[in-house]
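The following blocks contain the structures, represented as structure tokens.
Across the two complexes that follow, subunit A remains constant while its partner is subunit B and subsequently subunit C.
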Partner chain A sequence: MKKENSRRSFIKNISLATFSALALSGCNMEIFDEFLQKNFRTLSKKEKDKIIKNLEIKYKEKYGKEFRVSVKLAIDVTLFVYALYLSKCVGFRRCVYAYVKENNLSRNPQIHYIEVLQMDKEKGIDFADSDAQYNPEKVPEKGHFYLPVQCQQCRNPQCVTVCPVKATWQEPDGIVVVDYNWCIGCRYCMAACPYGARHFNWGEPYVPVEELNTELHFLGNRPRMKGVVEKCTFCIQRVREGKYPACVEICPVGARKFGNLLDPESEIRYILENKRVLVLKQELNFQPKFYYFFGN
Partner chain B sequence: MKVTIQKITKIPVISMALLIVLFSGCNHNESDNSALYNINEGEKTSAEVTEYAVEAPPFSDGAFPCTDCHANFIPNPLKRELVDWHQDISEMFNHDKENRWCLDCHDFNNRDSLRLASGKLLDFKESYKLCGQCHGEKYRDWKVGVHGKRTGEWNGTKEYLLCVHCHNPHSPKFQELTPDPPPFRQEDIK
Partner chain C sequence: MTGSIRIIFHGSKIYYAWLILLLLLILWGGSGYLGQITHGLIRTNMRDSVSWAFYIGNFTFLVGVAAAAVMLVIPAYIYDWKPIKEIVIFGELLAVCAVIMCLAFIIVDLGNPLRFWHMLPLIGILNFPYSMLSWDFFVLSVYLLINLYVVTYLLYCIFYKKDYKKSIVLPLVLISIPMAVAIHTTTAFLYNALPGRIFWNSALLAPRFLASAFCSGPAILLILFQILRKTTKFEIKDEAIWTIAELMVYAMFIYLFFTIAELFKEFYSGTEHILYWKYLLFGIGDHKEIVPYSWSSIIMGCIAFILFLIPKTRKNFLTLNIGAVLIYGSVYVEKGIALIIPAFTPDVLGQIYVYTPSWTEIKTAVMVFSLGFLLFTFLSKIAIAIIFDDYNIDSLDKKMRLPK
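Entry: the complex of A and B
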């Protein structure tokens, strides 16, 4: 009995000593703060402001550039929906790299949010037989069609359900986001996602400083750390400011459509009402908000 | 999502009318009386301008106005392959070559204008109407933002491209391009 007590007190003393040493050393206070930071959803306005300020200072020190970190909340009466015109996509992969640039994705190790799959027209949508590595001189190649896959922003997202620490959730405007500070890197969500939309930072993410996008969102494209999961957020830093996502703007064939499902005048609404749309892996009942459609 | 019907109706309406009003902004031909321009004419002053067409792509240097050269020629209405002039266009022309030629779209008397099948003259900036005569389905889709590309704001000011920004009117098939590099494969990572 006595022995146990002494071990307990030893551990207690050690942890107390560590914390007080950290607290006293001063220069480590921010790391300490960040370590103890609450989940984004439970933060008050004041706490958010403080965190943002610290982040902006931290990024400036690290990259020598001015950053603007936004914590803008969802716009009322918005539900973001995406549609992709399959008959138009010809696989230029411009969207893949626009996304990388806009969202400060790690160049090495490489992370891509969008994977363009080349499929055989004879076989239809067949993931087992698709080719993400196509690299001919010119596209489109005869007898093939192209199907880009990224986060499908499910209405029933199982990546959220499985997260043991509630580090990922669906926002009121339908975007599934990750609090990188809360992510413990268990990668359950990656196993739960049938679209391969979530990506893990196996190494320290590397982005060339001159290519860093300085318009950031806390839940979006702020520089990630090693050991956290990230995903497409429909360019949350853009769409919450009213802009189209980067992949929509870059697409040279205009195959990518984006808008507010709750706005009866939006082009997205027209597509859902008038075109033949489909979702991927419908049988799983994840109910994606990412639709694919064909020409007439 | 908790949304009441009431709220939905409050969303600022970006109607087709606005699209049209905006088009009229870059249109010199105010006498136009097509249905397109008349929808919600009354709203023209009150409605906030939220969509507009980007400028038509520029002509090749020295190509416009066409009358600089054509004013001196006696026009020949006979369908033929042009060999002395506009050879570049003759060579690339691939837009129902069998049945169509220059004067199906360009006006016989006024080369600075396009001409609809009805005989109505059309400014080059309104070429989309000419395309829409045959490609009605695409035209319909384009007007609502499905065909072609829109940039700008999903809930506000949008810019969109005219048909001829992406399709060469003389050879409209979209050009093949080299794809950006494929992703690294897991097995290639050392």
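Entry: the complex of A and C
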């Protein structure tokens, strides 16, 4: 068993070497703590508080601004649902940029959570013939309609099922979130998502300091690191405080509707009860909580 | 231990040239990987549209190699080829190296390779049994351990001139054969399990995987056995090599049949799902970048099939070896590019992002392959010394006693 011995000592040596290299490179305990940080869902309240405090200090050192990082849990009897009034959307793409700003998305390399597709009216919803790069002087263009696609917050999210390390999950209020500290960056979830809703930080994300949103949620818009997957969280930092997502607020034509499905008085409940709605790629049975509807 | 090191670093001039070549390739490839480590996967040509590509393709190919190397034990047993123990040893050594290379390709594909420990049992959280990737990781690890154990145990026994216990080896070899099928099937299911990726959502995917693995895996062993036969006391009859070639013809035929069945269904029904095959075979609009890959794979495969099919060329070692190299190349391109890229192009929202591997990806792949070959060379060198060159405990004792 000589070979096994050498292998074992090799592993021992290399881990020693790594450890001492880490220690020598003047890396403080903070990085080490971060490396050893557990999955968010297994953290105790005390551990969470400590991590949040450290994060706030770290962000202040890095960006010179005061940040507030929230870990606010889902509110009881809440199921967030989205509806998009297709006849109203004219493809301004304001939502795309509002989202980028609110959620501290990397500007370079550029990440967008919302893809607005220009579709041919004659063909109906046909992805193969759609155009995401449309750039005319004036929208809407004749003969076309616009279909914004973002995370559909499926009730049966396959991106969650396939994750090999449980770094992503569905919260009780229906929002699918990612623990950026636990994600190993294998991108299986991106292969699984049929809506292109998951995005990867291929390089070190860059956000101009003056444009940083300082109201953060741990599972939402806090600054990301390279090599992790991120996605739309319905602006978790806003909706759990009772506000609308940024894309709903910015939409100049009022095409975007959002609310709590379990609240019988909500607008979203009215829409689902009274309009004819559809979901994208319904045949896959992922059961999105993101509905589209046409006119009355 | 020191003896093994001496064996590794002693050899003919060709052997040294081979080692230096591998080292240079590792350094050259390593420079690419270093760039990827510092700047992130942005150095690759993968983007959100095509989020898996060349690395995962290489991984898939090597799973096939690892599987086929051990499955070759079945015919060796049935046809009663004489050197069955040697075939088991070299097949399992190849499997061990191939699985290690698989894991290496997974690690270079991760955005956060340092967080790999999140997947380990006890200290991490493995999403078992829900995620197919956790299954794949699980079966690959078990397969690696079984093969590593069997091959080390066999060599250990030969080295110490002990008889190996059949009650230990035989069950493990018998387990490793279905495990070989399992690793490849699980890898196929990894892709198959995604209804959103229509190109992979075919029940024929796993059978095609196995058939193609049976084409490429034995091709390596075919050439390896010839080298061993020339340079060592390893004896294998021509008939055994021809039988391997014959089995490869069956595998190729089955693969061809499955592919034609798939193509018929797609093209005759002509639904929108045809888009991905179209992109692979003909390109869409001006985007024809992967067409050369797919056709080179098809042409290489067809030539190899003909060379192996005709008895005259199958029994001629020159044409046989050309065929083996061609089928290896064909399956490599098929698994590396043709299996993965069309599943992502056009992407789920119908947009086309043209992907071809970047230099960083090619360099990193070269690095992993060279490291794997180096490991395989060293392990085979030790195995050859133990099995054929009377490198054992007695010879070592004698040397120790000799004054310097």
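Going forward, the second predicted complex is superposed on the first by the 270 of 296 C-alpha atoms of A that agree within 3 Å, B and C clash if a C-alpha of one lies under 4 Å from a C-alpha of the other, contacts with A are read in each partner's own complex, and residues count from 1 in each chain.
By definition in this document, a residue touches a chain if its C-beta (ideal position, glycine included) is under 8 Å from a C-beta of that chain, and two chains touch if they have at least 3 such contacts.
Please read all numbers here as calculations on a predicted model, not as lab measurements.
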item: First, second, both or neither for A:186, with subunit B first and subunit C second; value: second
item: Which superposed partner A:142 touches (first subunit B, second subunit C, both, neither); value: neither
item: Which of subunit B and subunit C A:195 touches, first, second, both or neither; value: second
item: First (subunit B), second (subunit C), both or neither touched by A:132; value: both
item: Partner chain in contact with A:46 - subunit B first, subunit C second, else both or neither; value: neither
item: Which of subunit B and subunit C A:172 touches, first, second, both or neither; value: first
item: Contacts of A:109 with subunit B and subunit C, given as first, second, both or neither; value: both
item: First (subunit B), second (subunit C), both or neither touched by A:121; value: neither
item: Footprint overlap on subunit A, where subunit B in one structure and subunit C in the other make contact; value: 109, 115, 132
item: Of subunit B, residues touching subunit A in the complex; value: 1, 3, 7-8, 10-11, 13-15, 137, 144-156, 161, 166, 174, 176-185, 189
item: List of subunit A residues in touch with subunit B within their complex; value: 75-79, 85, 90-94, 96-97, 109-110, 112, 115, 132-140, 172, 174, 239, 242-244, 248-249, 251-254, 257-260, 262-267, 270-271, 275, 296
item: Residue numbers on subunit A that touch subunit C, as the complex places them; value: 1-6, 35, 39, 42, 109, 111, 115, 117, 126-130, 132, 149, 158, 161-167, 182-188, 190-196, 198-204, 226-229, 281, 284-285
item: Of subunit C, residues touching subunit A in the complex; value: 1, 4, 39-42, 44, 46-49, 51-52, 106, 109-116, 118-119, 124-127, 130-134, 137, 152, 156, 191, 193-197, 272, 275, 343-344, 346-351, 382
